[in-house]
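Shared between the two complexes below is chain A, which has chain B as its partner in the first and chain C in the second.
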Partner chain A sequence: MQQRTPLKFNNKPLAGDQLVIIASFALVIVLFQQFWSFEHASKLKIRQGSKIVGTYDLDQTRELHIHGELGDSHIIINQGKVRFKQSSCNNQYCVHQGWLSLAGQVAICLPNQISLQLVGAKSTYDSLNY
Partner chain B sequence: MRLLLIFTFVFLSGCNKPEPLYNTQSYIFGTLVDISIYGESEARAQAISDQIIRNFQDLHSRLHAWQPSELKAINQAFALGKTPVSIAPDIAAMINEATKLSMQSKGAFNPSIGGLIAAWGFHYDEFKPVKIDENKIKNLVTANPKMTDIVIEENKIYSNNPAVQLDFGGYAKGYALDIALKYLREQGVKHALVNIGGNIIALGKHGKQPWRVGIQHPRKPSAIATLDLDSGWAIGTSGDYQRYFKLHEKRYCHIINPATGYPVQGIQAVTVLIPPQMNAGTLSDVTSKPIFIAQPTTRAEAAKAMHVENFLVIESTDRILVSKALAKRMTWLDKDAATHATEIQ
Partner chain C sequence: MTRSIINISTTAEDHHIAKLTALAIGLHILEAIMPSPLPGVKPGITNIVTLFVLYEYGFATAAWVSLLRVFASSLLLGQFLSPTFVLSLSGAVFSLCALYVAQHLPKKYFSAITLSILAAFAHIAGQLIIVRLWLIPHTGVAYLIPIFALAALIFGVINGLITRKISTNNRLFKNKSLYDAI
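Presenting the complex of A and B:
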């Protein structure tokens, strides 16, 4: 049992104060888990075949030409988002995917064996079922 | 107070420690293979992944439907009439299992319609819209190829119907997941996640958390929902968005109804979640097909016939059906989809 003392600075926090601190801390953790999952990606990982071509900052404007199995894939990074602009494949599924901006999003050009994967501080999921 | 500070530091320092997670990607079975191994040294994880990849490449080259392979040789013998040829025991076992599943689905899952799949132009790595040959399709359907036409006797195989052309496109990826899981367990790996073209099987956990997978939205470049894939569980999706072509604004997907000979229309995706069992991977690949091919009114029945309790059917962006069992396990990411989802069964 803590003895009630007159209000003084440099005092140990009382049970109630500790409870408030712990509760706020718990709230921060809960909110962190709740909202971080929908976060915007900060980085882009590009792979060709089994090799990682590079990891790029998403907050920039940049055009990349990655050489794949069939030819070049033209990739555009534009301030927080990325897309296949053109690719040397028949069906252009990768181009039709459009812009990606959220952590965990993936675009793949299977014929050219190039994948774009968006990475955030915390991934929403480990792998994608499609 | 000091304790709280220590706790804070421990919590924050956790962010900097690299995870013992090894991840590798490669292109096999005409699709992307992604292997994650948790809790092993990098060298060991790499050696094990490399072996799994070699096993997949071997299986792919043996089962290739349109390049010289063991399967192609069998198909060529089938076309000649009752000409018995030798068959490897593992491929014989695969054919027997596929026959059993085909009968269970009342022929909706039918890997003997390779002729139809070729007629629709899907027997190319890079296929193009085909000129639809109605007569050819009609003849292929009338020829009625089915798995029960196949006879396997003492390491020899033949077909009573020359129209039977095996195509394991809806089976091999799932089967490969089972092979990978078996190998991982034999090697004493405790935690891994293997993804072959979207079909995924889990072993153990990702650290303290279960492995979490996203389910792709069939019309958006993002996940529609997530779920935890516990150890031994497998998930698979049949969709109209991975292999398809468009002709006169109409979409023709690679999933063909054996009864009509035409690509299935009016459905975007079927996802199934399979509990741990000997062939969970195979079932995650196979059992989505009968549900995809079924009429809108008979989908639940098709799922039941395949003993699938956990399934998600996306007919269109505003018509989504989810089984009660799966709804409990899923977390929607796409709010619009969540509002259009109806629970069934």
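Presenting the complex of A and C:
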């Protein structure tokens, strides 16, 4: 077994260590900014079945009644956020999802075949398949 | 009892690697039963053994100890060839690669702390690549990167400090005159 030359008996981080710690910390901050930046959406895209019902500006206060498979869905746009207020479905998952405001968020009412998709300046992926 | 026909001749180095690996396996299993707030965020205390061995016995022994530990622990925990094992192996291989390069850094400026941080980052990079390519092929994995990186930094520093302390004590203990002087 080969013996290596002894290291200095000192437990404080050395100059290089400090540099590495600072650089790593900077990297972690950059990673948080890169991956955890959530952009506020500017537009709302509503689909019924396979058709796009319309694209609406989010910066307004407006109530929409979209006709779906089962009946009407009541959607509220309120200054940058949107939600299902009421929907003609049994489980009301879409209503319980509450307000949406970030780009890439979606609320879907499957029984009524209506979906809300929030769009930002650049489109984000909701999922990838291959 | 029938006598074993196969007789493996072992060297002193083999015994040494086995002892150090046993220590690493113990720590690995200890860590496996520790609860974690997020799957994957673990202190990586077995890295202390790898680093210690790297400093005291060189890279080849460290690689043996690290890889044997991964295989033996997975057999003991019943995870051999499972995703957990593959993640463990990829992490170990990546951090060994990082250590292979980092061991050549000047010792005057870079201690075990640097090596520990680099190994921790490489470990998590190796695991995230496997997760993204095989286990969860979804861009949502990206949200976890900052958390894992932060954990790698924190535990990297702590493990590095521990390694340095153990390494120093070991050398002081070996060198009796120096030990008496302090």
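Heads up, the rule we're going with is that the second predicted complex is superposed on the first by the 88 of 130 C-alpha atoms of A that agree within 3 Å, B and C clash if a C-alpha of one lies under 4 Å from a C-alpha of the other, contacts with A are read in each partner's own complex, and residues count from 1 in each chain.
The rule is short, and it goes like this: a residue touches a chain if its C-beta (ideal position, glycine included) is under 8 Å from a C-beta of that chain, and two chains touch if they have at least 3 such contacts.
As the structure is a computational prediction, the values presented were derived from the model and not from experiment.
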Subject >> Partner chain in contact with A:49 - chain B first, chain C second, else both or neither >> reply: first
Original post:
Touching A:113, do we find chain B (first), chain C (second), both, or neither?
Top reply: first
Original post:
Should A:61 be classified as contacting the first partner (chain B), the second (chain C), both, or neither?
Top reply: neither
Original post:
In the superposed arrangement, which partner chain does A:21 touch: chain B (first), chain C (second), both, or neither?
Top reply: both
**OP:** Name the contact category of A:31: first (chain B only), second (chain C only), both, or neither.
**Re:** second
**OP:** Check the residue A:13 against both partner chains and state whether it touches chain B (first), chain C (second), both, or neither.
**Re:** both
Original post:
Touching A:97, do we find chain B (first), chain C (second), both, or neither?
Top reply: first
Original post:
When the two structures are laid over each other on chain A, which of chain B and chain C touches more residues of chain A?
Top reply: B
**OP:** Determine where on chain A the residues touched by chain B overlap those touched by chain C, and list them.
**Re:** 13, 21, 25, 125, 127-128, 130
Subject >> Contacting residues of chain A [partner chain B, same complex] >> reply: 12-13, 18, 21-22, 25, 38, 47, 49-50, 89-91, 93, 97-100, 102, 104-105, 107-108, 110-111, 113, 115, 124-130
Original post:
Which residues, counting only chain C, touch chain A once they are in their complex?
Top reply: 12-13, 16, 55-58, 61, 105-111, 113-114, 117-118, 121, 137-139, 142-143, 145-146, 149-150, 153, 156-157, 160-161, 164-165, 167-168, 171-172, 175, 178
Subject >> chain B residues touching chain A - in the complex, by the definition given at the top >> reply: 1, 4, 24-27, 30-32, 34, 36, 125-128, 193, 195, 197-200, 206, 211-216, 221-223, 226, 235-237, 239, 241-242, 245, 271, 333
Subject >> Interfacial residue positions of chain A with respect to chain C in the complex >> reply: 1-2, 4, 6-7, 9, 11, 13-17, 20-21, 24-25, 27-28, 31-32, 34-36, 125, 127-128, 130
